[in-house]
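Pasting the structures here.
Next, two complexes with subunit A in common: one pairs it with subunit B, the other with subunit C.
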Partner chain A sequence: MKRLTKYAGVALIVLGVLAPFIPILIWSFARRWYFPAVLPTEWSIRGWAYAFSSASRLPQALWQSLLISGVTSLLSILIGLPAGRALGLHKFRGKTLVEFLMLAPTIVPAFAVAMGIHVVFIRLGLADTMIGVILVHLVPTLPYVTLVLAGMFANYDVNYEAQARSLGATPLQTIWYVLLPSIYPGLIVAGMFAFIISWSQYILTLLIGGGRVLTLPLLLFSFASSGDNNVTAALSIIFIAPAIVLLIISARYLTGRNVSLARGN
Partner chain B sequence: MKKNIYLLAIVGLFTIVLSACGGATETSTEVDFSDWDAVVAAADGQTVNWFMWGGADNINAWVNGSIADTLKSEYNVTLNMVPINDTAEAVNKVLGEKEAGQDDNGSVDMVWINGENFRTMRQGDLLFGNWSATLPNYAFVDANDPSVLNDFGYPVDGYESPYGKAQFVMIYDTADVEAAPATITDLVEWIKANPGKFTYPAVPDFTGSAFIRHVCYDATGGYEQFLGEFDQALFDEKFGACWDLLNEIEPFLWREGEYPESDARMKELLANGEVHFDMDYNPGSAGNLIEDGVYPETVRTFVFETGTLANTHFVGIPYNSPNKAAAMVLANVLLSPEAQLEKADPAVWGDLPVLNPALLSEADAAAFDALPRHPATLSTAELAAARLPELQAPWVEAIEQGWIENVLEK
Partner chain C sequence: MLFGGGLLLALAQSFGYLPIIGKTDFSLVAWQSIFQQTEFWQSLGLTLWIGFASTVLSTVLAIVCALLLRRQFRGKKAVTFLFQLNIPIPHIVGAIGILLLFSQSGLLARLANLAGMINDPAQFPALVNDRYAIGIIAEYIWKETCFIGTIVLATLQSVGEDYENAAASLGATRWQRFRYVTLPLIMPSVLTASILVFAFAFGAFEIPFLLGRRFPSALSVLAWRSYTDTNLALRPEAMAMSLFIALVSTGMILLYMTLSRKLVRQ
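For the complex of A and B:
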């Protein structure tokens, strides 16, 4: 019975998450669909045909989006892990200030700083390059990654590391066998946050990438604003798909059941 | 010791970054841009980054297909079309580069441009100049056509090359509107007799702004008096009548006076049957939208007896483009009779050509005549007979601002 309720709950959540996409899915196949018709009066695959034609440059955009978001997530974790550890485990002077500075990019609109960053990046030769875009994507992703990992470390008992070391583990072995297994649900969540935030950047990519770096949002937004629902819907689904796949793959890590070394477990 | 390693790592990183940007600046050899053969030779192997509005799949498909193929096979030039939402994004980018001192290795090689954006770029010295007459295919353009020599009243002076023409048309659904209003006065009468079935996009929408100008041309007693430089006193004196007229019809508009925020939203309203009129700067767009299934088959277009605004759109080359030769080759391809003919085909795009048929070979001219025309699209002759010139950008800005202050916020 308990199991049944649980499955019903999961089904409801899945439905709640997927329901908004049903109209988009229908739009992507609709030729004429206007009020008050419940379903499109005419169907067409024009949107999909365009998305997969060479004219749409979808493969290039998809590849560059994946690469940028992938590398951004990895870098965010590499930078966010030590920061999160320090914030989660230690008390030090000015910690509140550091936390505030970490959060600042989520409060200040990225666009406000992006103009300045753009000028600096032009001078450094980073404008219009993929490296530049990845670096600027770190601005909005890092606060989330650091905070998620800080939360993870708040429940982490550092004594296990001392125990491992006293049993003869090298520092690398300690990281590999003790630290990483205990925080990896946090790593997955943080990585997903970073990926999805980077995946949906438009203005930062456009400004720093200068259009030479072509990502999916760039393709999508130029259609969304033109009112072409057919193509926009098809591109939207392609845009959303990786996020959903990621969510499904990582869903089992999100329960926290595998955290065996957390304090109080 | 540990700290030293970090320091070393940071210094190392910076060295890599700095050396990377050192390598990025390459010295381009001087090209004589007035010598076409030299331009074509210099373009060989270059990539041209063309920033253009990317919201229409048919235009994107044509540019990335036919035009990109021609560039590659005939000139070994690679086309990188950069889709943008708003041309101002590209203008700001060039401006940002200029401010950062990036004067010879900019990222924009070509922009699709006209009107206000052209004026902004000219006034900011952001455009490469005096090249368009060098293009061999410029010979097919009527060199005395005022709409090619001026862009919204601003002299072109060879700083951009014509690409296509646009003329404002009104769109209506014959299923709901018996006869197309012949004049603005007739339209006003219709609006009052059919509350809720008409509206126009709010500025800064390009199309909505143009509709307001049509009403003002009519209400102020003719556009001729506004053709020169902007005159604040004249503006204040004359435009009150226009705001009065627009305020008079406001309660009879869609939802008792709502303005959709964009032309795209406006199209949805007509498609939904919420309003019975629409408007567009491309005379062929209604036909295309019927073909795409967006508009019902009963939709047709018309122009006012007093005429509708016509303008030309162009392509320009930023002053700091490192691939000017390739951009010129692209502009020349866009001006070729073949490309202009393809572009004019409603199945491809349906954009009005900029070439003068009298200057073309007989075969080419005949091909233009033979182009299929959607029943909703007016003939070239009907359009040509109803052309009104655009005002200079400061007038347009003042009218937009005036509309916001006197109509929208009243």
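For the complex of A and C:
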């Protein structure tokens, strides 16, 4: 009996997690699916075919999304690495304040910030451009990357670097052979989640991109509000694919602390 | 820099400083105006309801799930992986899934029809774009239960079962062990995780935009509507509303930092 309730509970969890994906998966292959049919009366790949045709603008959105998220996560790491190092290794006055300022953008909704920046971006000619969108995506990704890397550096011993240098390693060699190997799990997790945070942004892209910069979430929103369930469902599946791939790769590096800040929102 | 600057600029604009339309004087008109609107207070009420309902329900569910997933069973690794799967899934996709599941012609309504409970889509209760924001809350619960649950599970694993076994050998019942041993041990991580969830549910935009009603709408959606209104004079109000949301979230961070600091000290 006890065993039975345990397995029933586990089954409920699995069902609960998968529930929203079930109609998405079915709709992406449905042709005729009117109420009250529980399964489609006719199947087709129209949704997929249309999604991949140039009429849906998916190729353009996919390319721009990949470019924006790729550059955003790369920039977050390049800036976040020295910042995280300083935060993780050194004690300095006002460190609590800096930590507070780093946490703030992970919780304060980014659109409040973006509305304020918008005017300046218009004047600088950054509004409606991809560069502007990448810059505004850094607002939520950068603090996250910095905090994860600061956590990695808290357990990092700088003396290894000094040892390498005294044995004749150049600064670049020290970074390549000493620094990077010891923090790469953090780098992978931080980079991947920066990618996903940027990948999922809707309102920031819409606001700063002004509709000129088309990313996958914008395309998904427009199909979702037009009510074309087949294409919406197919696009949803394409949209979550990188999240699943990244989770599989990063699962072994994930810890509770990392997870607490990494939310695809 | 971008973040602080953006907030300061929003603050300036909420005081009516908009050089683009030739307004360079500062005033509190926008702030006074939003606090006088019934729509603002209704939106605030709805947003608080969404925040509290989703946080409380997903926290309770997360604890139950974590306690269950901690035990040994076949396929534990796969189920735990599936449980974490939700965390990086974008909220928009969750919202679309909830829409296709909960709407009056959605999968649940069809199953209810199959079971003979309803004959017509209109008989199915409105769970999406509804008065009580059930669709929105359902989406948050779906996603955040996995988030809080993963953190609780990690805490449970690092604490181990020694304390509970000791309590059991002293004759504590199952409920007593949970109430006086397990719960106090996981409470710090539960609290910090649920504060993050509340702050997110309070300020997020996409989900109430897709699954909510037009009136009253969540605070973030109301702010967005004022911002994109053709009437530029409404912009200071939009800024004031976003800053109000930012202010509440800031309070949440302070709470989060105080709590997690206590957690480190223990």
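By our rule, the second predicted complex is superposed on the first by the 214 of 265 C-alpha atoms of A that agree within 3 Å, B and C clash if a C-alpha of one lies under 4 Å from a C-alpha of the other, contacts with A are read in each partner's own complex, and residues count from 1 in each chain.
Here is the rule we go by: a residue touches a chain if its C-beta (ideal position, glycine included) is under 8 Å from a C-beta of that chain, and two chains touch if they have at least 3 such contacts.
Note that this is a predicted model, so its numbers are computed, not measured.
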For this session: Figure out whether A:I240 sits in contact with subunit B (first) or subunit C (second), or with both, or with neither.
Result: second
Exercise. Which partner does A:A104 contact after superposing on A: first (subunit B), second (subunit C), both, neither?
Worked result: second
Seminar exercise, completed: Across subunit A, the partner (subunit B or subunit C) reaching more residues is C
Exercise. Touch check for A:D128: first (subunit B), second (subunit C), both, or neither?
Worked result: first
Exercise. So, does A:R31 touch the first partner subunit B, the second partner subunit C, both, or neither?
Worked result: first
For this session: Determine, under the contact definition given at the top, whether A:I117 touches first (subunit B), second (subunit C), both, or neither.
Result: second
Problem set entry | Touched partner set for A:I196, first subunit B, second subunit C, both or neither | second
For this session: Would you sort A:F221 into first (subunit B), second (subunit C), both or neither based on which partner it touches?
Result: both
For this session: Scan A:I13 for contacts with subunit B and subunit C and give back first, second, both or neither.
Result: second
For this session: Determine, under the contact definition given at the top, whether A:S166 touches first (subunit B), second (subunit C), both, or neither.
Result: neither
For this session: Would you please give the residues of subunit A that touch subunit B in one complex and also touch subunit C in the other complex?
Result: 35, 115, 119, 122, 221, 225
Exercise. Quick one: in the complex, what on subunit A touches subunit B?
Worked result: 31-32, 34-35, 42, 44, 46, 50, 53-57, 115, 118-119, 122-128, 206-207, 210-212, 214, 218-219, 221-223, 225-228, 230-231
Seminar exercise, completed: subunit C contacts subunit A in the complex at 2-13, 18, 20, 64-65, 68-69, 71, 73, 75, 79, 81-94, 96-101, 105-107, 109-111, 113-114, 121, 142, 145-147, 150-151, 153-155, 158, 189, 192-193, 196, 199-200, 203-206, 210, 220, 223-224, 227, 238-239, 242-243, 245-246, 249-250, 252-254, 256-257
Exercise. Residues of subunit A touching subunit C in their complex?
Worked result: 6-7, 9-10, 13-14, 16-24, 26-27, 35-38, 96, 99-101, 103-105, 107-109, 111-117, 119-120, 122, 135-136, 138-139, 143, 193, 196, 199-200, 202-203, 217, 220-221, 224-225, 229, 232-233, 236, 239-240, 243-244, 246-247, 251, 254-256, 259-260, 262-265
Problem set entry | subunit B residues touching subunit A - in the complex, by the definition given at the top | 17-18, 20-22, 24-25, 49, 51, 53-57, 60-61, 63-65, 80-85, 89-90, 93, 96-97, 99-102, 107-108, 262-265, 267-268, 271-273, 292-294
